[in-house]
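Okay, got some structures for you below.
You will see two complexes here that share chain A, one where it goes with chain B and one where it goes with chain C.
Then we have the complex of A and B:
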């Protein structure tokens, strides 16, 4: 059966160029970059070239890029690293952040830090005034994601960062979904998190941008790798793959975004013809590849499993929480009732998505929704 | 030029079977194990099979294995996780631990925990009485490595664990160098750390064994992966590769250890014929693949670089600290003077090491040592 993968926000298929770039560092060039001998130095060079490639595309200095294992690690490193460095103070984030930011921040709350979760509007947007009003003299960190993983809503991080900097706070953005999909200015950003596997790179590698001159307590203490911020033998193959994925994503960013927006908008238009359906998130200010729908009277899990039988791979929301049955905290934060938040379907396009895929979804989805509603005790 | 890799304690060459096992999960089977659709479930199955394989060889339950990104992460997770869970108390470790245990423990010391670093004898061994005397009513954790990364000395972790358990302490062992190279009993162990890349597996993946019924504070908060202990999208390809490497290492453990011991002992015998040289670590109770020599009057760095020019890839000690010029804390802990600790050479054999390699080292090394001594201001 034909398989249509529309879960690119969960993870992406590594590009063949990425796999090819990685393979030598998994086989013949297997040196540890910390080793003094030739193969070690060769590995160190490949790693530093990768760092420079990523820095060039992000617009940072190479030494501001720190390789880590994941976006979750990058986010935990910043939140806990700033907190442990400052020892006390007030941390601001917002209600639709990824679970890793929410849960790391809540844990810091249990360790004596003051926490504020900013509200969002019904499109998932954090308003500048909301942040301005929450800022305090002892605010040490503001963390607002660049774009949401479930609903794709883009935040005005440059302006929100400026507000953080009007106070004494540092500003972090979780750009795991945004990096490589949209331009990001570092002007008002002190920390930025990204992950390779959202970008057609390998699993198990991410980076943290940390502005020069800011120091934080390491999350992983050890041999002093990554200039003391993140100890661990470096995953050279993964790092080389991440750089290749970054290079390709930035080269195609404009054209690919335009292509995906056109496909996505045709999908949205078609899906919204289904009765009692709606689009979650912002109508236009959202990631090029993200569509998130609500369907009254049905459960998202049932929808995902039925679509899977038709060869369509989708999600109810965040992959991370797809196995627990609580309604999405992102959707309820925007004001959706629990029963409406349960009926969500996230379709996230990728570079292999085609018009034929959209047509197939639009051919299958109405019948699937109808059959689920026919069985639903919730239907009016 | 012929290249002889004798730095297998720093990292190993991934086996072709490992790369082959990983490739499908880097290409066609790229699902996120948290996704509900078919490809996600297929990835989750591969991950759980890998967990079961590793558990079988370690002798644990599958649900006691938690995948992480590295040995450093596993060690940080245990040390900080126990500390944050218990909130206060006394932690015991010892002076020749890997930098990640030393530095994570020192950091916990700065956060209000009481720390004891046990002394070792001149072979690098922690004596049972030393631990027994250090135990206190408020000791929450004892962390003693299974085998040392620089000198290969093996600790009596089963008996040391029993002493920890006579008190109320939990017992952790860093088995990064030992796992897959020697049998390990979990009888008195609550936590065990391992890493794939020391075992002919990929970089970027490790595991933490955590005994059932013990809970610790997660280091990476987030979406609740790995049963809430370690959030992050799982590195499925890396995990599958780790399981394959484990399976092969355990199948060959006895014969390969015997083969490496014979090669190593012939190497040791030959090297010790060089004047003013000695073996660091225990003469017999050491990892099968480890030889660590001292040479009076010369610097280890110079030795490694000269050997590299002859095609021999070696190390002065830990790869992690090979780029800083302080003498090895492992060697000074055993009582070596700083100038003697500077003249160390670690040769760590691997599955591709041959008798011809040993002969070549024995042919080249005396001349290299002699020429360095001829230039040395330290020579008598």
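Then we have the complex of A and C:
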């Protein structure tokens, strides 16, 4: 059976160009960048070229890019690194952040820091006034994601960063979903996190942009790699792959975004013809590849499993498919009732998605929804 | 999360047995799952103490659908006494196991059946 992968927000298929670029650094060019001999220097050069490539596309200096092992690590490094550096104070984030930001922040709350989670509106947007009202003299850090992983909603990070800077706070953005998919400006941004596996790169490599002149306490102490911020022998192959993926993503960004938006909007239009369905998130101000729907009377895990049987790979924010059996905090934060979050379906497109894929989903989905509704005691 | 469902569970998920309701059922049981908010209904037809027909409706996850389907298959043709003895562990075993986090879902099918039987007994004292 043909498989249609519509879970690109979870992870993406590494591009062949990326794998090709990485391969020598997993085979014959296996040197440690810290070694003085020529193989070591070769690895160090590849790593520094990769750093320069990423910096060029992001619009930063190369020395402002720090390689880490994941988006989760980049976010933890900022949140805890700023907190440990400042030792006390107030941290602001918002309710629809990724679990790694939510849970790192909550943990800092348990360690004596004051935490504020800003509310979002019914489309998942953080309003500037909401941040302005929450700012305090002792606010040390504001962390607001660039774009949401579940509903795709894009935040006005540069304007929110300006508000943070009106006070004494530093501003961080989790751009794991946004980097490489939409233009990003570093105006008013002190820290930015990204992860390679969301843009057709390898898993297990990310970067943190940290503005020059800002210092934070490292999480890992050791040999002083990454200018002391992140000790560990570097994942050279992964870093080279990340740079390759970045280069390709930025070269194609405009045309690929337009292509995905057209496909996604045709998908949204078709799906919303199903009775008792709706779109979660913002109608236009969302990532090009994200569609997230709600269906009344049915449960999302069943929906995902049945679509899988038809060859369609998707995901859900249903309570049943989560580790803690609670519905997606993103959907409930936007004001969705638990039962409406229960019937959610996320379809995230990628560079291999085609019009034929959308047509196939539109052919299959109504029947799958119908069959689950026929089974549901709630439709009686 | 990694949700490792057995092949058997997926088979029941794909084509569940005995979906629907029974008009003029001899017993009806409707239960909610307090953990995740799901709902299940069971309908039974009883003749001479034997469950001759059973149908279910479920608003819930793959495990909830598969256990209700499995339950209806196991119960059909059994006496009330035999049906009452089926445990959630037996259901899980018949399905070649359930992920740990999904064990609570198999309780739904047992509770719904017990409630349907109690409803029947209440009407036929």
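Everything that follows uses one rule, which is that the second predicted complex is superposed on the first by the 371 of 380 C-alpha atoms of A that agree within 3 Å, B and C clash if a C-alpha of one lies under 4 Å from a C-alpha of the other, contacts with A are read in each partner's own complex, and residues count from 1 in each chain.
Everything that follows uses one rule, which is that a contact is a pair of C-beta atoms (placed from the backbone, for glycine too) under 8 Å apart; a residue touches a chain by one contact, two chains touch by 3 or more.
None of these values were measured; they are calculated from a predicted model.
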Chain B versus chain C, judged by how many residues of chain A each one touches: B
Partner chain(s) touched by A:306 [first = chain B, second = chain C, both, neither]: second
Contacts of A:318 with chain B and chain C, given as first, second, both or neither: both
Chain B versus chain C as contact partner of A:221, first or second or both or neither: first
First (chain B), second (chain C), both or neither touched by A:39: first
Partner chain(s) touched by A:205 [first = chain B, second = chain C, both, neither]: first
Partner chain in contact with A:376 - chain B first, chain C second, else both or neither: second
Which of chain B and chain C A:104 touches, first, second, both or neither: first
Touched partner set for A:238, first chain B, second chain C, both or neither: first
Chain A positions touched by chain B in one structure and by chain C in the second: 301, 305, 318-323
Touching residues (chain side chain B, partner chain A) in the complex: 3, 5, 7, 10-14, 16, 19, 22-23, 26-28, 30-32, 34-40, 69-73, 75-76, 84, 98-100, 103-104, 106-107, 111, 195, 197, 202-205, 217, 219-225, 231-238, 301, 304-305, 307-308, 313-316, 318-324
Contacting residues of chain A [partner chain C, same complex]: 297-299, 301-302, 305-306, 309, 318-323, 325, 338-339, 342, 374-378, 380
Chain A contact footprint on chain C (complex, rising order): 1, 3, 5, 10, 13-14, 16, 19-21, 30, 35-41, 57-62, 64-65, 101, 105
